[in-house]
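Written out below as structure tokens is the structure these notes cover.
For reference, chains read A, B, C, D, E, F, G, H, I and J in written order, and residue numbers begin at 1 within each chain.
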Amino acid sequence: MKKDILEVFDNQFPDRDYTIEIVNPEFTSVCPKTGLPDFGTITIRYIPDKVCVELKSLKYYFLEFRNAGIFYENITNTILDHLIDMLNPRELTVITEWKARGGITETVTASYRAEKI
Amino acid sequence: MKKDILEVFDNQFPDRDYTIEIVNPEFTSVCPKTGLPDFGTITIRYIPDKVCVELKSLKYYFLEFRNAGIFYENITNTILDHLIDMLNPRELTVITEWKARGGITETVTASYRAEKI
Amino acid sequence: MKKDILEVFDNQFPDRDYTIEIVNPEFTSVCPKTGLPDFGTITIRYIPDKVCVELKSLKYYFLEFRNAGIFYENITNTILDHLIDMLNPRELTVITEWKARGGITETVTASYRAEKI
Amino acid sequence: MKKDILEVFDNQFPDRDYTIEIVNPEFTSVCPKTGLPDFGTITIRYIPDKVCVELKSLKYYFLEFRNAGIFYENITNTILDHLIDMLNPRELTVITEWKARGGITETVTASYRAEKI
Amino acid sequence: MKKDILEVFDNQFPDRDYTIEIVNPEFTSVCPKTGLPDFGTITIRYIPDKVCVELKSLKYYFLEFRNAGIFYENITNTILDHLIDMLNPRELTVITEWKARGGITETVTASYRAEKI
Amino acid sequence: MKKDILEVFDNQFPDRDYTIEIVNPEFTSVCPKTGLPDFGTITIRYIPDKVCVELKSLKYYFLEFRNAGIFYENITNTILDHLIDMLNPRELTVITEWKARGGITETVTASYRAEKI
Amino acid sequence: MKKDILEVFDNQFPDRDYTIEIVNPEFTSVCPKTGLPDFGTITIRYIPDKVCVELKSLKYYFLEFRNAGIFYENITNTILDHLIDMLNPRELTVITEWKARGGITETVTASYRAEKI
Amino acid sequence: MKKDILEVFDNQFPDRDYTIEIVNPEFTSVCPKTGLPDFGTITIRYIPDKVCVELKSLKYYFLEFRNAGIFYENITNTILDHLIDMLNPRELTVITEWKARGGITETVTASYRAEKI
Amino acid sequence: MKKDILEVFDNQFPDRDYTIEIVNPEFTSVCPKTGLPDFGTITIRYIPDKVCVELKSLKYYFLEFRNAGIFYENITNTILDHLIDMLNPRELTVITEWKARGGITETVTASYRAEKI
Amino acid sequence: MKKDILEVFDNQFPDRDYTIEIVNPEFTSVCPKTGLPDFGTITIRYIPDKVCVELKSLKYYFLEFRNAGIFYENITNTILDHLIDMLNPRELTVITEWKARGGITETVTASYRAEKI
């Protein structure tokens, strides 16, 4: 997962706190234990600071996970970390909801809030 | 987008704080990256001060975006800015919810509150 | 709109704060810009003081708007003002929800609370 | 409406605050203006003190309204008063929801709370 | 009700049987007994022959009924007759569904089928 | 129940078979065994011949049952008979659906079809 | 109703406050006024202290009410009392919801909270 | 609308009758009377013969209507004709469902069935 | 039930409080009174500290209960204890919801919160 | 799976064809490939001839599969065969619907019809 696939564009309204929510119900990766595919929905909710993420590059960034073997918990936190690095947002939450495997579902939620200077 | 398409009429009840909510589920613009159309629902919620926005002029104002290439985030904030300029409202929120592109949806929410004098 | 169409009857239980909610989903008036009819639902919620509004007279009062050309915002506030004048209620809210015109819907909400003496 | 149709039985658990909710969706009375029948749902919610209302007598009490010409607001408050007189409850709420007349519906809500001694 | 308010345009595909369904949930007229307004939904379903009805003129045609006192059954059959006269359709059905009056609703359905020559 | 409460008006479109459906969800009568009220929904569906039933007179006709002690089956068939007498319809169906008594509901359906001459 | 039908087993986790909710939608008893059967749903929610109620014995305990003539309010409070006696729980709520009789439904809710020592 | 924007690919299973349904809920064109935009959902259902329509080219074909002033009926039949020309399908149905204008909605359905040789 | 079937992996993001929710609607065990199978849904919600539970090992851990005779309350608390031992989580909740037995359902909820050091 | 666990009782109405449907949503067996449990719903629908299956014995018969490793298709057909042997029914259908494994669900349907003599 190379985070630099993510492109940003200037937030033209940095004086204002506003919220952007992006939902991708078509995320897929690979289970590191079994090599079988996992399917999930990823929700990203953030308040931008200087830049916003460009949606098409985000789609390609998500594609990077398609053949990667990685735990649910690590996917969630890695996406959080990458978006913090690229966007330096004021607030950010990543939620991943996973389809049943062996009859069991999992949801992981991780958040970040920039310290006020 | 010329904001002066927007017409206003006198708020005949300025002594009272009351709320106006306008929803347009038939908004369309053009993606600046691909040139393909985007479709969304726009919600405007405000407390008027001296003037209210006239609904038919708002419809024509929205039409200005029909063939414009512009990011979701900028549409949301531009509409907020134009309405602040034309209405000087006491409070104002603009929410844009966008249909899926590449399987991914986005919602942008921006608000304004006039300073009490 | 002559507010004196509204009839009242004595609130026989003035010692008690209680709530009356009236909903009319069959309200119609005329757009002052186009001359075409508008359709909406009107909700009135109030705590009576000395008098209550008589329901049949309210029906005839609403009929006065049938062929009147008047903005949504003014209908809402005019009904609020008329009911304040006729009822002197302890609290009163008027909500008008309008069917789509040009694909756009609108909801207006206005409230009043009597000052405690 | 003779309130003494209402029968009570001893609350065998007066040391405990507990709640009884009774709903009658088959209430009917007569409009005092038009002589035509009204139909509604009556909800009674109370915390008993020394006595509870007997359900069959309550059914007969409701029947007393069947051919009585009386306003919605007065029905609601009269039932409240009668139940206060017969039950001396710790708390009591009466809600009446009326079917549309001339397209208009009405809901009346009245409450009582005994003063703590 | 002057049927000549209705405008038509040439059916450019007369070689093909196809179906047009038009629904107007905002129809209103006046009860000839009480002078009070009625509200209903009108559905028109037809197979055109040489011409189709123009939608905006149909809207204005419906408006003619706004202040006319006329029975539900006659509205339904009058609309059917007018559309037969103006359109000479291959098949045509008119359904009118009316909001409750005195707790009672009514639906009227009338159909026409041209004789094959 | 005096059937002559029912008023009729001329069917102005006797050359056409069309259908009228009337639904009254606010019907009430009295159980001849217990003297307690019954509540039900009455549906009338007919193809008129020379006359149609006037809706307001039908409302008053239904009111005649309000304090009458009569079995569900008899109500259904009596209404059918009265409407046949007054309307001489081409076809007629009466359906009565009754609210639960002792946990039990009942629905009665009776139909009539005029002999073709 | 002999409460000693209820069997208990040791709460093996007394150091922890945790919640047990039991729902029985198949409860039946007899109306003491009419001798006719009543049907209801019983919900029991409690935090155990030293013991838990054994589910099969609870089923047999509920069966004891099948032919007993007893008011809704007394059933609710009797079950509450019996469970307090047998379980000495930290918290306990009993809710009984009854099917319509004569068109009228009733819900009774009673709670208990042990005093902290 | 140039139909040759539509691309096709070989149906590799011509021995078998099978059905393809394509739904586009994001169709927009322009009203030829008012110049204002119309919004609708287009459904295409067909049994292919020698070729199938390529989905991306269909998207661009639909885009051709974005700024074209054309009646609902003509859009429906034009799409039908273009698809017949390009695909020579065994069966084909086009349904267009349009959002309300002046409170009125319209649905147009047109079908084609190849003659068996 | 041997808790050491549970495998853990390092929480690679221990600096951050985030939430993991796991739902297994296919849990089955055996009733210790009757020897008959029980079926339920188990929900585990926790904030990890140094380690996370590996999902496949959790599935095998759940399988250990398949032929074990054990009360609902003990299953719930045993799972809670085992997960506390293996994970030392910051917070943890276990909810078990059981299918009807003899018409009666049960839900058990137990929680744990680590003391802040 | 020993089919003689199944008990039968005499069909006391053999002169009549009637249908019995039995649904068990709590069936579980073991996958013969992975050793992991499978969960499904079993529906049995039959017209009895001389005997009917006794329900409690059927429950114990289903329990025989709890720890058996057997394919979905074989379970379905084995149950069908066993029931044919024990019941000699006039008609019999067995449907098994299986919970998702690797995101995939399966339903197996097998039927039998006795030859008319």
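Going forward, a contact is a pair of C-beta atoms (placed from the backbone, for glycine too) under 8 Å apart; a residue touches a chain by one contact, two chains touch by 3 or more.
Only a predicted model underlies this, so the values are computations on that prediction, with no experimental measurement involved.
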Repeated interface matching C-D, over half of the contact pairs identical, chosen among F-G, E-F or D-E: E-F
Turn needed to bring chain C onto chain D - CA fit, degrees, nearest 5: 60
Rounded Å distance, chain H centre to chain I centre (Cα mean): 53
Inter-centroid spacing, chain J versus chain B (mean Cα positions, whole Å): 61
Between chain E and chain B, distance of the C-alpha-averaged centres to the nearest whole Å: 37
Centre-of-Cα separation between chain I and chain A, whole angstrom: 28
Shared-contact residues (touching 2 or more other chains) in chain D: 26, 36, 39, 59, 99, 101-103
Interchain contacts, given as pairs of chains that touch: A-B, A-I, A-J, B-C, B-H, C-D, C-E, C-H, D-E, D-F, D-G, E-F, E-H, F-G, G-I, I-J
Contact set on chain A toward chain I in their complex: 33-34, 71-74, 76-77, 80-81, 101-112
Residues of chain E touching chain C in the complex: 26, 28, 36-37, 39, 59, 63, 66-67, 99
Touching residues (chain side chain E, partner chain H) in the complex: 9, 11-13, 16, 18-26, 48, 52, 54-56, 58-59
Chain D partner contacts - residues on chain E that touch it in the complex: 36, 39, 99-103
